[in-house]
Amino acid sequence: MSHSTEHIDNPRTAVKPPNPRFRNWNIVLRKLKKNKSAMIGGFLILFFILVALIGPYITPYAPQTQIMVNKLQPPSFEHWFGTDNFGRDIFSRIIHGTGLTLLVGFFSVLLGATVGVLFGIIAGYYGGRIDSIIMRLMDILLAFPGILLALAIVTVLGGSLVNVIIAVAISSIPVFARIVRGSTLSVKKLEYIDAMKALGASDARIIFKHIFPNITSPIIVQATLNIATAILSASGLSFLGLGAQPPTPEWGAMLSDGRNFLYNAPHVALFPGLAIVAVVLAFNMLGDGLRDAFDPKTKE
Amino acid sequence: MFKYIIRRIIQTIPVLIGVSILVFSMMHLVPGDPAQIMAGESAPKEQVENIRERLGLNDPLPVQYLSYIGDALQGDLGNSMRSGRDVTSEIGARFWVTVELAVYSTIVAVFIGLIAGVISATRKYSFADTSLMLIALFGLSMPNFWLGLMLIQWFAIGIDLPSWVPFISDTSWFKPSGWGSFQQVVLPVITLGTGSAAIIARMTRSSMLDVIGQDYIRTARAKGVKERIVVYQHALKNALIPVVTVVGLQFGGLLGGAVLTESVFAVNGMGKLIIDSIKARDFPVVQGTILVVALLFVIVNLIVDITYRYLNKRIDLD
Amino acid sequence: MTSAPNTYENILEIKDLQTSFFTKDLEVKAVDGVSFTIPKGKILGVVGESGSGKSITSLSILRLIEDPGKIVGGEIRFKGENLLDKTEAQMRKIRGNEISMIFQEPMTSLNPTFTVGQQISESYKIHQGLNKKQAKERSIEMLKLVGIPSPEKRVDQYPHELSGGMRQRVMIAMALACDPDLLIADEPTTALDVTIQAQILDLMKDLQERLGMGILLITHDLGVVAETCDYVAVMYAGKVVEFTDAKTLFKSPKHPYTVGLMKSIPPHDHDIEGDLSVIRGSVPSPAEMPKGCRFAPRCPFATDLCRENLPDLITDEEGNQIRCWIYSDEWNGDPEVDVHAETERTT
Amino acid sequence: MQKQKELLKVTDLKQYFPIKGGILGRTVNHVKAVDGVSFTIYEGETLSIVGESGCGKSTTGRAILRLDEPTSGEVEFDGNNLLDYSKKEMNKVRKDMQIIFQDPYASINPRHTVRQILTEAMEIQNSVPKQERNDRVLELMQTVGLGPHQADRLPHEFSGGQRQRIGIARALSVDPQLIIADEAVSALDVSIQAQVINLLKKLQRDFKLTYLFISHDLGVVRHISDRIIVMYLGKIVEIADKKSLFNNQMHPYTKALLSAIPSTNTEVKRERIILKGDVPSPIDPPAGCRFHTRCPFATDLCRTEVPELRNGDGMTDGHMAACHYMEEIKNGEHQPTVV
């Protein structure tokens, strides 16, 4: 190998550090405001939060009220989204399920991100053996494709919403750990970290005051996008009957009910699905927008 | 290169051990007595004792693990609680069904994703780009089980449309369930492949745009190379390298996603086997199937890593 | 030697070139009225600090400015014909054939997925219609010409297998493949160590003498200019402030910026007592250009005339050009002003 | 000068970076970035290390401060070996030795204001009582040529040269004795570079600082240094006071390096020595004299025996070079072996 030896002199500059330019919230917000898709996503999320907060008080029907004579009615003026096989109003049930969906997405990401960030930052900062051990553990979790890990965890813990949150959280740990480790490694190479070491700063000070605040952008972006994934996984588990149990108005579970009536009442499966698509789409749009806004390469 | 392959293979051993420990402990982490759970709550005592004996639950944990692994290495994953048949043969034919589903879906996803991604990248901010990326965003945000149900509704059951609408009005040609014939394969493959196609399209686009901004693209232009050749030779060759990794990860993701797709289309693959077994509390089958899928995933990732390394000549070989 | 460069047959004549970058509501004039000429077979150095517009000028010549940049005015006469009138297809025939270019970063300017040979061969295939085998043979010859040992082996290697110096040699081989009339070298040695820089400059000078092409050498290093160039254009904030032959420039620089620049470089071949001379302040950002002479805010001799009015490029009887009020008839400051007098030495 | 107090004494310093490889990812080899370097820095002087990339000059600076843990050797500061210190003890002495970095963009935390940056430095070392820190910040800013109104600005509001001043102020905030300047002016445009060089010289006079100045630019080094070390591939090839080095350089590499720098002096026609080939890899450096692969004077002796750093005939006190033939080359007895 006749590779040049330039990097030897200062091994820390061998890899190009990320742009150390200050992430100015004003610039980020300005960029975000100009991004139509991100704004639509953001407003949709606000709308769903609003629906979750006040919706349950103003729905025309209680989500659990069964009126058997009204069962499987197509959408009409009284029942905007029609009724299900127990004669329950699907529109009301979807509104009641909104908060559930958001909470599952939010808490599973909060839990997964907290643990993942901790693992990632420790692995990236200390390197060596600690890094190997943590990352091999993450590899093991990553060896289970897609929602299979969540499925296995729910199998063990039993099917319930809380367990779904835990399961989805655990399966998102490695994603955060990897991203945070990578960012930590590149921030660690910046000269100001060396300057802090040269001043005699403690590891804790360097990690919490100088590394963490500079890697929040990728964490925020990943968290936003991961809420979308988490909602998909959680509703998938409920669809399989392993999450929220009936009669909880969980969208995935409602969809699962609908599959039996595709022939004569397709609306039962249609509307909960559309609701999931809308929420997930909103988080994906906002996440994409945040990623662009945080990227110093994209212009205002 | 050969050394690298060997090293990567050796590196996967601890991962496989970790996976097997995790899968093994599944049964022991279940709250309560696994034997009792399997037998059912009202089962007579001796039946529970019988199960416990059969599964070796009375041995110390490390012994149980070692014997489980020892058996697994010889292809013995225990016996199904439900059918009494051995897990390996339960998985047997279903293994190929799931692999077929995942492979077909991957092929479709790569094909569509690459074309869409390249079109988008070469016509940045055009109408085509915007619409393709919007479709991709939708594809990404759709739960595949819902997409599956909708496809069944539209194409296998049919919707009430006026008879003069060609083709769509008679769409019950596709089959809503099963696996094997073309009519049965198309819908599940679309269902499973859509999300991956979206991800690959987005990845291809951003990778292309990244490469187009590189110094060596400017060098090619300064040489007088035609723009078409700059894009399809100089840029694409570099842009595809990261896409390979994504394709590999997608294949694994599809193995997981198959659980839902198979459930929707009643495809008798490993995914459906897992779900059915979970519901029947048939733990040996659940364990065995998850172990097999994880193993498959690890192997695919290994192949992808090696391919990536081969394509990306910038990484020094050894 | 000191006769007017304009009387030579010029391979390249740039007149009042203007290249701007556009954002939604802002036009940033990166190159704002640049003029210079390169006589046939001569080396012109363009020097300036970062932000002077020297690299944008070079990319403009090959019309490789990308969005949101645009050439908004001026003429680029290559062998008498204005390149700005050419179609894109005509430009492609010129690029890499009659005018070629080498870049600053040899590590990133070669395509990592093609062999060195493939990348040189491409020029022969495009411009001379050679087949694969012929092109490869010529590539090996070129590698030999630029001093790469065992070229038969190197031709099949990938860029990552070569050192920085070797890669820059490959870039030169690629640029010279079709025997161009003009070579544009944008900071070709900045990323290299001095001993490697000496090799590359030596090679470029040697090849220039043998092949007789004109060279436009862009650099921030006055030493490199002094050792290689016949003529020099000094750029500051998007404009040429001084254009003259190299000997005259280094013997008696005229523009206060050129003088200040030369004085602020600590020399390696003699000692200077006390502090270094400095140019106060820093280069103005292209978005906030001073109204008059762009150097006025930093110039120790500036008067109100300089601050209010932009000076023209004045050509003296020897054909040297300077953009400074001091040398004009309108100069209203100290008539005896000596730009070489002691300048500031602040920290 | 020889009677001055020794502030820092480096003895046989080695810095090997492991290369992982092989089937099990073990350490299969080392990058010998610094391979047995010894020198002394006297109080109040500026000692420079020059060399091309890969010669180990920056690594030496980092190893002295233990930013990377050196492989072996001794670094004596005020008579104590820093490499024996625990992490805690080391952090205490860091007050006396600071570093200024190359990249004005990467070397200060982009989300802290100037005030926060400087206050934090004082806080870590507790070098200034809490209530006086604010005054000290303003004083430091004035010292490096920044105005008090800029104290609460963030780094992105400053130009590259100004950021470098912030980095210098941070180093000064703990009242160090020794400052290691690692390519501190290399990233700046020449007109700004001159301002910073003048500042560094002024600070040295005002605060009696000692500098270890690491640079690849011989012009800058000539202007700022008292003594100069030339490194090649992890070893010192020549060390001398400024005058001897520039007027009477003994090592063929030093000569080649000096002759390779382009000069703006077009009057004098100089003889240039153009070295052949590239710097070899520090993973398997050449046996014998490391420069022999490119040296025009190399013989079999050079290929086998490592030359010692020595003071030869006709050299001033403290001037040492590592070449078997330096006297013979000087008086013309030893001619180039390759043409």
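Just so it is clear, A, B, C and D label the chains in written order, and each chain counts residues from 1 on its own.
Just so we're on the same page, a residue touches a chain if its C-beta (ideal position, glycine included) is under 8 Å from a C-beta of that chain, and two chains touch if they have at least 3 such contacts.
These numbers come from a predicted model, not from an experiment.
Any chains in contact with both chain B and chain D?
Shared contacts of chain B and chain D: A, C.
Let me spell it out: compute each chain's centre from its C-alpha atoms, then which one is farthest from chain C's centre?
B
With contacts counted as defined, which of the two, A-B or B-C, has more C-beta pairs across the interface?
A-B
Between chain A and chain B, what's the gap in Å when you average each chain's C-alpha atoms?
20
Centre to centre, by mean C-alpha position, how many angstrom separate chain B and chain C?
The answer is 54 Å.
Compute the distance, rounded to whole Å, between the mean C-alpha positions of chain A and chain C.
So the centre of chain A lies 51 Å away from the centre of chain C.
Cα centroid separation between chain A and chain D, in whole Å?
The mean C-alpha positions of chain A and chain D differ by 48 Å.
Show the residues in chain B shared as contacts by 2 or more other chains, in ascending order.
In chain B, residues 316 touch at least two other chains, as defined above.
Could you tell me which residues belong to chain D and also touch two or more other chains?
Expected reply: 53, 278-279.
For chain A, write out the residues touching at least two other chains, lowest number first.
1-4, 6
Using the touch definition from the top, list the residues of chain B that touch chain A in their complex.
It is residues 14-16, 18-19, 22-23, 26, 29-31, 137-138, 140-143, 145-146, 149-150, 152-153, 157, 159, 252-257, 259-260, 263-264, 274-275, 278-279, 286, 290, 293-294, 297-298, 301, 316 of chain B that touch chain A.
Would you mind writing out the residues of chain B in touch with chain C in their complex?
For chain B paired with chain C, touching residues are 214-216, 218-226, 234, 237-238, 241, 313-314, 316.
Across the complex, what residues on chain C touch chain D?
49-50, 163, 165-166, 193-199, 201-202, 220-228, 246-247, 250-251, 260-262, 264-269, 271-272, 275-279, 282-283, 345-347
Any idea which chain D residues touch chain A in the complex?
Residues of chain D touching chain A: 17, 31, 33, 53-59, 62, 65, 67-68, 90-92, 94-95, 97-99, 101-103, 105-111, 120-121, 124-125, 154-156, 167, 170, 174, 182, 278-282.
Over in the complex, which chain A residues touch chain B? Could you list them?
1, 3, 37, 136-137, 139-140, 143-148, 151-152, 155-156, 158, 228, 232, 235-236, 239-242, 252, 255, 258-259, 262-263, 266, 269-270, 272-273, 276-277, 280-281, 284-285, 288
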